[in-house]
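Going in written order, the chains are labelled A, B and C, and every chain counts its residues from 1.
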Amino acid sequence: MRFPTIVPLTEIASLIGAQIIGSKQGAASGINEIHKVEEGDLVFVDHPKYYLKCINSAATYIIINQVTDFPAHKSLLLVDEPFEAYQKIVAHYRPFMPLQKTISDSANTGEGTFVMPGAVIGNHVQIGKDTIIYPNVVIMDHCIIGNNVIIQSGTVIGSDAFYYNKKTTREVHYKKMLSGGRVVVEDDVEIGANCTIDRGVSGDTVIGAGTKIDNLVHIGHDTVIGKNCLLAAQVGIAGATTIEDEVILWGQVGVSKTLTIGKGAEVYAQSGVPATIEGGRKYFGSPVEDAMTKKKELVWMKRIPVLWEKVFPPSSKGGTG
Amino acid sequence: MRFPTIVPLTEIASLIGAQIIGSKQGAASGINEIHKVEEGDLVFVDHPKYYLKCINSAATYIIINQVTDFPAHKSLLLVDEPFEAYQKIVAHYRPFMPLQKTISDSANTGEGTFVMPGAVIGNHVQIGKDTIIYPNVVIMDHCIIGNNVIIQSGTVIGSDAFYYNKKTTREVHYKKMLSGGRVVVEDDVEIGANCTIDRGVSGDTVIGAGTKIDNLVHIGHDTVIGKNCLLAAQVGIAGATTIEDEVILWGQVGVSKTLTIGKGAEVYAQSGVPATIEGGRKYFGSPVEDAMTKKKELVWMKRIPVLWEKVFPPSSKGGTG
Amino acid sequence: MRFPTIVPLTEIASLIGAQIIGSKQGAASGINEIHKVEEGDLVFVDHPKYYLKCINSAATYIIINQVTDFPAHKSLLLVDEPFEAYQKIVAHYRPFMPLQKTISDSANTGEGTFVMPGAVIGNHVQIGKDTIIYPNVVIMDHCIIGNNVIIQSGTVIGSDAFYYNKKTTREVHYKKMLSGGRVVVEDDVEIGANCTIDRGVSGDTVIGAGTKIDNLVHIGHDTVIGKNCLLAAQVGIAGATTIEDEVILWGQVGVSKTLTIGKGAEVYAQSGVPATIEGGRKYFGSPVEDAMTKKKELVWMKRIPVLWEKVFPPSSKGGTG
């Protein structure tokens, strides 16, 4: 998540009640999770297991709960609860602004774009040129929609991530991770009816140019979909996953989180993708395998009774030898 | 389904054209199906196979199509078509009231609660404090939403049950069972975008406190979900099922009707649950099995060709011995 | 797709810049794809492989990119790009009319029909008598809804087809096929919440009388569903498929395109139907098989370890034989 403008480190420290270890002179450009950080960013870490990874990441400022060695050009922000500090920062720079009107005054639509009745356009949303927003679509705050995009009725763009921190004291309970990111829909994208595309938690959820999405498709937070992909109806993709260009996912395919589907891969209907798969091939099954291998397996399954009869011949039951 | 106030038995009998067998003095507090009845309730039964079960249930008043022995403190309401009588009662005490306005005058929202543009709030709906209802959410009549609840855009709470009586004369046709129940969403629940939660037919559909639900999830009528559960995107749960506390269902899991998933069970993505499973374990597959057992099965499947080659060695085809 | 009135062939030729080969006297009643054409229709073909099939179809007028032999009572319309010509014709006779109001002035609703708040009714939509349209439903242009129909909240009727022509130059890209067809929902149909039913591309998508559809169901373009079918929650049916009368599809079933499911077939939950299946039987699995066969297969799978132990006995490893 980018801040609207660069923020002095001292302002951040004051907001979250942190002690600055190292230089107090810097200014932060945004806050992100470890896999998305850039130079100038804040990052947060609360488990010693990840200290080193965070301190050595591209991030310049580390919100941390213990003083640890760090490079001279970085600073630590020492707090008791880094996760709570993250939440405070997101809540402060992306404050909850309940929509008051169907189309926010701060939303912007380009020339030749139609927004049909019942559609709701959130604060600071930007929509390009020659785009059609069908009835009862919802586009929440800060999302970016390109040129020549079609979004069919009832689709929701920019819902909050399904992302919770599990706390177990006496019983399990879940604490929501605030979503500071956006959804970015590039040019020439078409999205069907009643889909849901969650905003990024710290980065952006991206739908690449020319990609076509059918109805009732779910796309999780921070997932990045490449150019000219096809996603058939009822596909579901979890969070922080990468779908490269020209991938085809047929109906009801499920894709797990934080994995990559390589360029040009094609996944047959109802398959489940639990881990990274390489591009240029066809896949089938839940969990997916190479489509041809899977089809052969289904044929082999039918041969078990034949094997059984050979290995345990019926006569052997009462056989007298 | 509870009646707004207690109703004299004679009023019910007159409404459905029933003859009262036994005491005419009582008053009914509600009407329910056999698995939900309480003392003071009406219940209905039209098949001799279920007469005994209904007469011996907690219900005090039995709508029935044949005189049958019954305990002295109960009464029978004798009609030709008990199912039709049930429909009449529900239609009378929960009459269809087409919404006239986006937010019904009889709906109630607590302090600190936001209802965003395009949301529709039905008659007699009660919403607690500090709750956020996102754009284009629909909450139908009589539903109850707790405190500190978040319901994201496009979700529908309180749609009618998918529950039909099959009639076969010359051809099959289906007669809708009227939904007199409600949806009750407890405190600290969060529900994603474009979900659907059906109201109970005779009882309530309940989402327990602290439970978090992702996008495009379907929950059937009269289903009761425990506390602090996680339901990932595109999960579907049929009617009258019980999900105990702290259950986790991953993406696209399907759960059949009238079963129980025990406390703390975790069901992996795309699995199908056709019958009751016990708590505290992990499950996978369609139909589900113990996750470890299922994974081993998938490994065994790959060994069939090896078995085949041993049992039917290639040389044996043209073998001369 | 039917034209509003019959159109002289010369008008069509002029619209698409075609040279007429054969009689110039005719008039066209509509334009359709090859599997839907009737006498008096236009059809288009751009690949020599399909020339003969199109010229010999019921269509009277063939938009084609090469002069080919044809029967005396037909005419050819010669153009360079038949697909582009098709798009021009659809765009001309079914022009994009962005909705200006929640309920179009050209929409029509019968006596006793309720349209609840937030519902959007498109241009030229016709709704019969005693029908209930719940909040935030969207019914797009030209769709037809019968009598005594119930459509629950958030459902979208008449979204555009997910139907693209693939063009590969340097990279893949997809060109949308315009949808000129309608959705026709017959009498006594009930449709759940947040469903999506796409309009036909050239013909109509039809939901037969008495059919009941649960929540979050997707039905593709030009698919025809028979009478008194049951479709449970989260079922997905691709385009141009035929579901005959009294078919039952349980939860999360997926059905591929351009196939037929025979009368009275029942498909168990989470199954996948990749090709035509005959009526009157029960099916299970992905891909589906006869339900009993599939269940036996699942039992056989569990016997592989027993086979293995017999064929490769543990003692044989270190056996001295």
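One rule holds for everything that comes next: a residue touches a chain if its C-beta (ideal position, glycine included) is under 8 Å from a C-beta of that chain, and two chains touch if they have at least 3 such contacts.
Keep in mind that what you see is a predicted model, and the values were worked out from it rather than measured.
Taken pairwise by the contact criterion, the protein chains are fully connected, each one touching every other.
The best fit of Cα atoms from chain A onto chain C calls for a rotation angle of 120°, in steps of 5.
Between chain A and chain B, two chains of identical sequence, the interface residue sets overlap only in part, with shared numbers making up under half of the total. We define each chain's centre as the mean of its Cα atoms; on that basis chain A and chain B are separated by 31 Å.
Residue positions 118, 136, 154, 194, 216, 234, 252, 270, 286, 301, 304, 307, 311 of chain C each touch two or more of the other chains. Within the complex formed with chain C, the chain A residues making contact are 114, 116-118, 132, 134-136, 150, 152-154, 188, 190, 192-194, 210, 212, 214-216, 227-228, 230, 232-234, 245-246, 251-252, 269-270, 286, 298, 301-302, 304-305, 307-308, 311-312. Listed in rising order, the residues of chain C touching chain A in the complex are 96, 98-102, 118, 120, 136, 138, 140, 154, 156, 159-160, 162, 164, 171-174, 176, 194-196, 198, 216, 218, 220, 234, 236, 238, 252, 254, 256, 270, 272, 274, 286-287, 297, 300-301, 303-304, 307, 310-311.
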